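Below you'll find a set of structures to go through.
Two complexes, one shared chain (subunit A), two partners (subunit B, subunit C).
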Partner chain A sequence: MLYKNEMYKERKAKIQAIKNHPYFGFVILTLLMLVVQLLRVVGVDVPITILRAFGLTMIYIIIALGFSILLGYAGLASLGTAGFVGIGTYIVGYFTKNLEVSIFLIILITIVGAIVIGTIVGFISLRIEGMYLAIITLGLSEILNEVFKNAVNITNGTNGLGINGLVLFKNIINIDHNTIFVILAVFMFAIMILTLNIMKSPTGRALLAMRNSSSAAQAMGVSIFKYRLLAFITSSVYAFLGGVFYMSYVSFTIPTSWSLAFSLNILAAVIVGGAQSIYGIVLGTFMIFGLNLAVFQQIPLFIENPAISVVFNGVLIIVVIMFYPGGLIRLVNTISFKLKAKIRIWKQRRREYKYGVDSE
Partner chain B sequence: MASILNKIKISWINGRIKSHQTKHDFNSSFLPIRTSYLESIKANKLKILDLKYKNQLLPFEIKAGIKSDFVQKEFDEAKQEIEDKFSWKERAAKQALIRNNAQDTGELENLKIEKNNILASIKDKFYLETPLKTDVEAYESNKKIINEAYHLKVQKIEEKFSSKLAAFVTKINISIESHQIALKLLKTSLSKVEVNVKKEVFDEDIVLKIDNLSMYFGGLKAVDKLSFEVKEGEVFGLIGPNGAGKTTVFNCITRFYKPSDGDIYFKNNLNEIVHLNDIAVHNVIKEGIVRTFQNVEMIWELNIIDNLLVAAHTMYRSGFFGHLFNSRLLRQEEIVMRKKAEKILLDLDLLQYGYQYPLGLPYGILKKIELARTLMINPKLIILDEPAAGLNDAETTGLADTIKKIQKDYQATIFLVEHDMGLVMDICDTVCAISFGQKLAIGTPKEIQSSKVVQEAYLGGE
Partner chain C sequence: MFDTTGFWQKTFIFVIVLVAIYAIVNLVFLRKIKNKSKIQNIMINVLLGIGIFYLFLRIFKVIPEFFDPGFFFMQTIVNSITQVCVLALATTGIVLIFKTSTTTNFSQGMVATFGAFAAARLIIHFAATYTELGNTTIVLFGVLGGGITAFLLGVCIDVFIIRKSKVRTPIGKQMITMGLVLVFSGAIPIIFGTLPITIPRISYDPNVIFTLFGKTLSITVSAIYALGISIVLLGLLFSALRFTKWGLGVRATASNEVVASMMGVNTRMITAFSWGIAGLLGGVAAVILAPNSGNVQVALMIPTQVNGFMAAILGSFSSFLGPLVASILIPVLTSLLVFVVPLWQNAVVYIIILVIVLVKPFGLFGNPIAKKV
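The block that comes next holds the complex of A and B.
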């Protein structure tokens, strides 16, 4: 009996430890994504649009995670995300179509490119802060957009650039969407873990210190120069990789996709969800992108008037900023907290009904 | 040329010494943590193994009619379980009667009888009066077998853990020793090189020397040729009326302002004399100077322990990629730093706030937490910017006690800029009064109190 009880306690503690592990939620999320894909493989008729919506949302989650390090942790506002993602897509398009370079090499090239661009913008951010930084990055993004439109030799101009497949080792292979979806889910999982590691590490704390008060951060040995640069480089690497994944999944890129609207949508996703929480960002991305892609585009009213979804996003942002400045994740947390309290009270009442009030 | 080379050599050696010192400190503080962790795991495993062994032996014991401690314990446990179960049943029955407004028709009595029956049967199960002879023999033989297996397993666990522990301890000890040897060698080579380099004139017991410091804002002379020295281990107070330039001096020392003229020298943790004018703002803390702020500067999104860890930022050896992949070194460092932060909080009676968020804590507590934060890096000099600003009398006395405690327990020199004369006279060993950027007087608090010049500056002349 004693041994049995002890083993039971031990097992319970183990299960609790797994449940409380910081990566547990990510595993569940990734598995959910994979289940959507698996249903199709098994034979359930999941509409291709829904699947595509989930795939694109995963890509946007990766981009938004990078942006949250910049906005939520370093406290730097940037509107250049679209341009960066665009560069990522065009690097894949150009190197695959014209030079037939392997995708692994392309990822290396994009990371190097992201570090270069991130360093440049990081240097700019040392001199300029707040709204002006947003304007400058917006300008940069628009310049990049003009380049995409006019450098016809590389980008194929406003007609857009398409590829027939990816080069794994030697030849262009057409990899089907289902495989890429699975790879995407795995990548999203890995990037979530890496982001969480950064957020919980001394680096994340240093970024938060910098956001709260730059003088206090400096007094505690945080170099503003180093950490601003680091934040920009990290977020641009995320954005560039997002571009690579986008091009691999969609196989087509066009300059109009990478306009201000995209940057604003990413900003909206991060703010609506909650800039400092990974689950918040997942939630926000689903609200801003996923809902539109998966639900609204199935309803005739929204198909006829695509502007309504933009109005919906606008209203959502206004409501969230007015009532839940910490993002929807805070609302979710509050609701779950209250629900738990309610359940506790309900259990207590049931107990009292059955056994009477405790005499002690 | 040779002197430049020597200087480079000295700075290189000092860098090596610092890195060896941090590694040495880290290893020696990680050793007991890891050891106690391993030992607790081992104790837990042995406890479970012991239970398992006794559990295996239990049926034989019962059959052989042996009344050992474990049988007694098991019996108590089983009894307790049944009693609990029946007490709940009784309560439910009583409540049902109340709920239905019904009369007791013997249900409670039935329950009692049932319980007693079960208890009696359990007693029979556990304590056999007349054991069979074969069962006793079986018990003896089985006990031997099980005992052997148990001892084998215990030995295995002991061996495994002791080898693990021994490997770890020897590894750490070797590295500690190697760091000590390296430190010794480096120090001797340093003393050889240093003979050739002229040293700045610096008395033995002085930590901070400010020499002809001037700071101009446009045409305004905020600080004008100010010089003073801070002795090691004392509490030094800088006072003066509003606009005297106290905060400017303060910001010059911590490198937030670049002084227009003059030199600031500081003797750091390695007893090396540093020209502070050449050091960047964020590197000042590496020399052992740490400051607080007039309005508490907390990181509001982090709890108190994490706030303390931010101050230890320069003590981490793991780099960005270590943080990105949550490397083993980082995890070990986090454990060590967390232990250190908890110890400091315990010392200052703040541990109950450790896992709270700073938002909503009283101002006096936040001030104390800021003081605790300075202790994370083993500071040589703590600079306090108006520590008593915004505190009531009780909080100020508490703060004075804390400052005294820090000076005594952590062997730190404390330099403070303060308006509250009560606090200054209470805790300072030396006070320097300045007015319009110039030194008025320096001495013990009593001397300053009786100084005419100071009184004039504060109350105005004729």
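The block that comes next holds the complex of A and C.
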């Protein structure tokens, strides 16, 4: 009897340990995505729009994670995200269509490009701070948008650039969306783990210190130069990779997608969810992009007036900033904490009812 | 279009020469002077001035003799007067809000567009009801109506949203205005319908011809009206800032909101009013701008908004004069660069601004803000 009891306790502890593991939520999320995809492959009639919405949301989660390192950890507000993602898409488009370069090499090129661009913007951010930086990066994004529109030889101008497939080793192969969806899910999982490790590492702590007070951080020996550059490089690598994934998944890119509205939406996703928590960002991205793509586009009212979902996003941002400055994740945490407390009291009462109260 | 060989090489070499002069003077002559930051500042200003002047000179040289460069140059500047007026109004609104609320108002353009839509409806209504009125009068009423709508909207935003917000950090307020951009861009088609509506020009009279420096130039009557309206509005605003009690309050709030409210300044009223006035300036600008781009669209003010931010950055948020100078400089430079780099003029102007801001992070006319740790 005693042995059985011990075993039970041990098993419970093991389950608890797995549940408390920091990657547990990521695994669940990725599995959920894969299950949706699997249902489609098995033959359950999952609407293609919902699948596509999930795929796009995963890409936006990757971009938003990069942005959260910048905004939530380094405290640097940037509006250049759209331009960076746009560069990623055009790199894939140009190299695949005109030069037929392998996708692995393209990813390498993208990362190198992202490091270069991130370093440049990082240097700019050393001179210009706060809201000024947001406006300057907005200007940078506008410059990039002009380039997308006018460099017709590379970007095909305002008509948009499309590709028929990706080059894995030699020829252009048309990879179907289901495969890319699975790859995307795996990549999202990897990037979430990477982000969590950055956030919880000495680098993340140094960034947080810098966000709270750059002078105090400097006094404690945190090099502003190094960590600003690092934050911008990380964020731009994420954004460029997001662009690569977007182009692989959607196979089409057009300058109007990469305007100020996209940057604002990414910003909204990060702010609405909670800028410092990965689950918060996932929640925020689903609220801003996923809800619109997966749910609203199925309801007739919203199909007739596409403007309503935009209004909904805007109102969501305003309400969250006005009343829940920590983001929705903090609200969720508060509610779940209160619920758990209620359940504990309820259990206690039930036990007392069943076995009687211990007499002191 | 024109012969631009050597334009960029020469300009680039000139910029490098300027940087070299700065470096040499800094390293050789200023090494032993104790109070050198002041001299450095003056030197940067002078070199920047030379650089901007050289840029204009190079553009002047690009225009061939055949076209009469002097005339061409001045006519291009005259043609961009409407743009200048619109940008000056919008930028002043942005700067006013920055001064009183310490936030960059992203929703300025959308509030202005809302005003333009209201004005368009008003103009259609007036034109149908009061047929005896002329076109000019009706459009001027429209300008007034658009301005007042935007004024009320601005006041409402401050009173019902910004003031009620729990955390009032600058970045938080900025996010709220970004949210407002989304709300308005969705709400405008719902409120005003998706049918295309237009705003007529203020006047369709033939161009006025006048002589300046011996060259015969022509200007549209609408541009003259636009110039008049903006000079009156900006003049009133600046004199109000300078001479009235409200202006004193604005300046006090700009320097320190908490202390100002402790000293008995009604900061709430002042903030609400400055949001309203910023909206009014934007609304008037939008109605003036609308005929240039055909239909009144949701995206009407977005380029102006971005340019306005750029002008405010370039001229410095801490002064009113700087943004005004910058908002004259940007459209003129853009329309002149069309001859040198067609299609790329906006990108080039943004790059020039970026370079200037890197050299002077607080703008052409700004001073560094001392910050407490």
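Here is the rule we go by: the second predicted complex is superposed on the first by the 351 of 360 C-alpha atoms of A that agree within 3 Å, B and C clash if a C-alpha of one lies under 4 Å from a C-alpha of the other, contacts with A are read in each partner's own complex, and residues count from 1 in each chain.
Keep in mind that, in the parts below, a residue touches a chain if its C-beta (ideal position, glycine included) is under 8 Å from a C-beta of that chain, and two chains touch if they have at least 3 such contacts.
Remember, it's a predicted structure, so these values are computed and weren't measured experimentally.
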item: Room on subunit A for both subunit B and subunit C (clash or fit); value: fit
item: Which of subunit B and subunit C A:190 touches, first, second, both or neither; value: neither
item: First (subunit B), second (subunit C), both or neither touched by A:213; value: both
item: Partner chain(s) touched by A:314 [first = subunit B, second = subunit C, both, neither]; value: second
item: Subunit B versus subunit C as contact partner of A:203, first or second or both or neither; value: first
item: Partner chain(s) touched by A:130 [first = subunit B, second = subunit C, both, neither]; value: second
item: Contacts of A:223 with subunit B and subunit C, given as first, second, both or neither; value: first
item: Touched partner set for A:305, first subunit B, second subunit C, both or neither; value: second
item: Touching partner for A:15 - first (subunit B), second (subunit C), both, neither; value: neither
item: Distance of closest approach, subunit C and subunit B, by C-alpha atoms in Å; value: 7
item: Where subunit A meets both subunit C and subunit B, residue numbers; value: 213, 215-216
item: Of subunit B, residues touching subunit A in the complex; value: 48, 51-52, 54-55, 73-74, 77-78, 81, 88, 91-92, 94-95, 98-99, 254, 256, 280-286, 290-291, 293, 297-302, 306, 309-311, 313-314, 316, 318, 320, 323-326, 330, 373, 377
item: Subunit B partner contacts - residues on subunit A that touch it in the complex; value: 1-7, 10, 194, 197-198, 201-206, 208-209, 212-213, 215-224, 230, 276, 353-356
item: Of all residues in subunit C, those that touch subunit A in their complex; value: 103-104, 106, 161, 164-167, 170-172, 174-176, 178-190, 302, 306, 309-310, 312-313, 317, 343-344, 346-347, 350-351, 353-354, 357-358, 361, 373
item: Subunit C contact footprint on subunit A (complex, rising order); value: 77, 124, 127-132, 134-136, 138-140, 142-143, 146-147, 150, 213, 215-216, 260-261, 264-265, 267-268, 271, 305, 307-318, 321-323, 325
